[in-house]
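After the structure tokens below, expect a handful of questions from me.
Think of it as A, B, C, D, E and F in the order they're written, each chain with its own count starting at 1.
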Amino acid sequence: MLRNLLDVVCRRQPYLVKGDFFSALLESYFDEAIAAPYLLQAIEEANASGFDAVIIAAFCDPTIEAAKEISTIPVYSLEETTFSVALLLGNRFSILTEKKHKVSVKQRHIRKYGLESRFASVRPLNMGVTEIASDPARVRQMGLEVGRLLVEEDGTEVIIMGCASVTGYSADLERELAVPVLDPVAVTFKVVEGLTEIGGRHSKRGLFAQPRPQKQR
Amino acid sequence: MLRNLLDVVCRRQPYLVKGDFFSALLESYFDEAIAAPYLLQAIEEANASGFDAVIIAAFCDPTIEAAKEISTIPVYSLEETTFSVALLLGNRFSILTEKKHKVSVKQRHIRKYGLESRFASVRPLNMGVTEIASDPARVRQMGLEVGRLLVEEDGTEVIIMGCASVTGYSADLERELAVPVLDPVAVTFKVVEGLTEIGGRHSKRGLFAQPRPQKQR
Amino acid sequence: MLRNLLDVVCRRQPYLVKGDFFSALLESYFDEAIAAPYLLQAIEEANASGFDAVIIAAFCDPTIEAAKEISTIPVYSLEETTFSVALLLGNRFSILTEKKHKVSVKQRHIRKYGLESRFASVRPLNMGVTEIASDPARVRQMGLEVGRLLVEEDGTEVIIMGCASVTGYSADLERELAVPVLDPVAVTFKVVEGLTEIGGRHSKRGLFAQPRPQKQR
Amino acid sequence: MLRNLLDVVCRRQPYLVKGDFFSALLESYFDEAIAAPYLLQAIEEANASGFDAVIIAAFCDPTIEAAKEISTIPVYSLEETTFSVALLLGNRFSILTEKKHKVSVKQRHIRKYGLESRFASVRPLNMGVTEIASDPARVRQMGLEVGRLLVEEDGTEVIIMGCASVTGYSADLERELAVPVLDPVAVTFKVVEGLTEIGGRHSKRGLFAQPRPQKQR
Amino acid sequence: MLRNLLDVVCRRQPYLVKGDFFSALLESYFDEAIAAPYLLQAIEEANASGFDAVIIAAFCDPTIEAAKEISTIPVYSLEETTFSVALLLGNRFSILTEKKHKVSVKQRHIRKYGLESRFASVRPLNMGVTEIASDPARVRQMGLEVGRLLVEEDGTEVIIMGCASVTGYSADLERELAVPVLDPVAVTFKVVEGLTEIGGRHSKRGLFAQPRPQKQR
Amino acid sequence: MLRNLLDVVCRRQPYLVKGDFFSALLESYFDEAIAAPYLLQAIEEANASGFDAVIIAAFCDPTIEAAKEISTIPVYSLEETTFSVALLLGNRFSILTEKKHKVSVKQRHIRKYGLESRFASVRPLNMGVTEIASDPARVRQMGLEVGRLLVEEDGTEVIIMGCASVTGYSADLERELAVPVLDPVAVTFKVVEGLTEIGGRHSKRGLFAQPRPQKQR
């Protein structure tokens, strides 16, 4: 499907800004801040190169507001798009994240997006990236354990895989837990593809108004 | 794009439950209640006929919870889907509706969906359906006038055409008002198409749990 | 005052639309949707027969918005009225419900009514209707167990018996748990009686505006 | 039933703590604080004298939490009870108050009670108590003017007469404005009468827990 | 530090209204109501005596609105000020309180101040004042136990010592729990000192408007 | 007081990260993102140089989360601190900003900080930085005009000067409008000074947890 789109839109495929674009993970606000200038440069290149849309392929929505400000082509990110889809699939959703301190980060994101009353909970796997990469059996086991808590204790109806390193397990978890388990990358690509086709674009009034060049201020 | 999908899914195109399926409009909770049994029958037929998904093509999301309860294939409706997309395009969105009493109805929908803090306002055209059908020049003029109030007074960043009879005017309004003006039908079809392709389905735990047959209770 | 009313209304006692009026329980949104046309017909008959008010005697407030739309006499339902009374008796209230999936349904009702910050929790008895009918000792035991969790774990101050089949146990529970345990039927009848006497009626502007006949649209 | 109650309670009619019980109005938090010890003494007397319930007949709900703390018979006040009834009659309600600075006071009350999303607005008459007493024609005119703003500008569906001095005008306003206009005294007496009959009482766990005598602490 | 301030500001030291100013603790709304006239008299004296500011040194913010109404010099209280500081130090804060029924009281305060989404939880020590005074080892042990629940179970990031009798333990707890543990008295004095120096004062429009003398009404 | 502090802390004065630290203003999310690495470097230097605290002296709180993450000394910014103080001075506060598109930005900040129900409004001066610098008479006139709207139309009780270029006018406006008009720089310095003296520091659990070095992940 995506390929067909790619064929049709020619070289105008959605432009993927990878979360690890400078050989590092985005695990903190600090990481996001350091990566921001590189990311914004990629946004500008995508605008200059005739792409139809940009997806910032990181679940923390890094620099998303600045990216939308400077871009005239639509910019989407994984977290906001997956939240929007989760709203359609159940009453309340939860996030499965890697580490404990992310719990508070996710709560603040939810509040920034105004979705508190649709949010059930966030729980960590409590596994490091290296461990995740080296011990898939344990990821599967922990994912199931934590997923069951999300469903049984927190009453969630939809689970979002909130870290890139474990999205590969979403199909398995969905089968075991009997609730939708969303892979943010898959979800976002499909939604963006569709919206791009019908000319969807973000508002340039208000939050994402184009900044004036410094010299004109 | 859509054609490719149609080809691939064969006769499994998203099943459109028309808002006017019994030669009448859905203008009130009463209309929705009277239409509900017919709509639910259509949902059951769509499940039995091998469709991939159902779109309830009315902006009031009629009988949406019951429809999702009884359906194992995904069910979407225009309002919820367009709200989800509006969240991606600006900080706060507004609804352009037909008649004044709908203002309160839309506020309650927004609250039901937990989106109060992303909602800017709702304003009516104050035109009847007949007038809308017979006087396109006045629709255009009124749409522009009310749209300007949404942007200037209410500070909205995204406008949703909240009544089927005026969605035809969305492209014009978007150009004049310089904010996204969403046609719920176009938006919903694209999002549903995409989600259907990747196997997206609503949760059958919690809000939309399958009702047991009456005899087993 | 009330006697006069009772005398005058004589056969015009508040008109009870029974939750099981077509020999079936309302256990799901689907049940409510299928019952809606019958319920609305009863509302119209009550209006035509000179009744003073209508109580929809089901705790899920089925079709309440449509019923209020078409009725010029006041219409009340059990859930909304019991919520309003619970607000007067403590800081936060909880709902005791029958089955687990109702948890999410009740959360959505609370949100629709805008009462999230006065709501403590909802917990299910996890007993089927048949079991409830045949094993009162176990209902009493389970009610006490779950009630204690509501009080001790969730810190609730008022409990609402959220399912018709167990309202008979409210006096017992209230004595054991030392918090008010509300029987929605008793509460609603008294409040409606009082409000009817002083001419209370719902607003016909906004949410419950009278729908126009289809031919006039 | 109610008659029996009326017979039994005889001289035990709900005990009215008048808002002006020390020949002064309650127009500020200061007035409420100064009146508090007298009001609490009246609550204790009502408990000792075998009354069934107490109504604090002031719209600002003065000392309501302390009154409920020390009372084992139910205590209600005008504001909280009228808010609860307004929730049943429309989607959002407004308050008509006397003076401008009360606007902020009412907003804070609404927030304390957790009813922000059902609240439309509060607007003042901008008339002093003396003027209200001496110029009924102007009260009527101003009430109508401000009432129209509540309905037309703020989209309210139910109006609460939020000051004792103007409740006499509610029937007139209701007829002119075509929305319910609630007289808090009438509403509260009827609701309390009904709830008292069925043994309703406020929770003594949590917010209104009985204070221990000072010596035992 | 404070002493230096006292020296410098001469007789203009912040005027401390002690929570126990009539040899009794403020443990309930009742206690606050009985103390109110004395507290307000102290506020008036502070205004008359040329003090720069008043701190009501009780964590329940007793009579705070009335105090601000009648005072032209700034009035602060411990709870509101400590909440404001907690907002700066972490995403969500918790309160450690003495007794269980305070849980509901604190929740209502949080709601009155509109801070629900920054509030993690409140948990009681479940120790009486006498026990707290006589058994410091147990206070330390219980404080640590409950503090760990606040951090581990409720995910709090900042703890407020919500009862005067245990503020002495905040430094110990902060070291053990590795989150800020705020002593409301210390925090409030510093903030008030700073704001007083730059002429900060509360608004006399709206909520805290000066009440008119009774005779002029 | 301040002098004493300055003397004692010697070279440890609060470290000012100027909003214009690279000869440019921070007027957009883009500006903030580009400035972030420089700002974070300054935070690290302040940590290494023995300062007691850092104030990020820009009203948009740029990079505040990342700054708090990497810093073990306390970090504060103007917006969050001024919001916290405004909560103490009135029921609801407003922001006076420079340009119209900032309205939406400020609304999102308010939501991120969870302060929606204490927020009255934000209104722009609609003047550019150059104009503000060159025409003080007009700034004074516009500030008064917009300030009156904030007070009269929006019912605000406290005004925050939300742009560095106009804080010089706050004393004048406060005198004319008769509500507190807060200068974020003055307010923040005093609050930070006080909190620093008593050892206040932000939580390093949760939202601001120290990021691990990249190599250890």
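Here, a residue touches a chain if its C-beta (ideal position, glycine included) is under 8 Å from a C-beta of that chain, and two chains touch if they have at least 3 such contacts.
From a predicted model like this one, the values you see are computed outputs, not experimental measurements.
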Message: Strictly by the touch rule at the top, which chains does chain B share as contacts with chain D?
response: C, F
Query: Are the two sides of the chain E and chain F contact the same residues or different ones, given that same means over half of the numbers occur on both copies?
result: same
Message: Since chain A and chain F are copies of the same chain sequence, what is the angle of the rotation superposing the Cα atoms of one on the other, rounded to the nearest 5°?
response: 180
- request: Return the chain pair with more inter-chain C-beta contacts, choosing between B-C and D-F.
  value: B-C
- prompt: How far is the middle of chain C from the middle of chain E, if each middle is the mean of its Cα atoms, in Å?
  reply: 41
Message: What's the distance between the Cα centroids of chain A and chain D, rounded to whole Å?
response: 49
Message: Report the inter-centroid distance (CA atoms only) between chain A and chain B in whole Å.
response: 25
Message: If a residue has to touch 2 or more other chains to count, which residues of chain A qualify?
response: 90-92, 103-104, 108, 111, 114, 116-117, 155, 157, 205-207
Message: Judged by the touch rule stated earlier, which pairs of chains are there in contact?
response: A-B, A-C, A-E, A-F, B-C, B-D, B-F, C-D, C-E, D-E, D-F, E-F
- request: Using the touch definition up top, name the residues of chain F that touch chain E in the complex.
  value: 1-2, 4, 76, 80-81, 83-85, 87-92, 113-118, 151, 155, 157-158, 178-180, 186-187, 190-191, 193-195, 197-198, 200-208
- request: Write out the stretch or stretches of chain C touching chain B in their complex.
  value: 24-25, 27-34, 36-37, 40, 63, 65-66, 69-70, 101, 103-105, 108, 111-112, 114, 128-130, 205-207, 209, 211-212, 214, 217
Query: Which residues of chain C touch chain E in the complex?
result: 90-92, 117, 155, 157
Field: Residue ranges of chain E in contact with chain C within the complex
entry: 103-104, 107-108, 111, 116
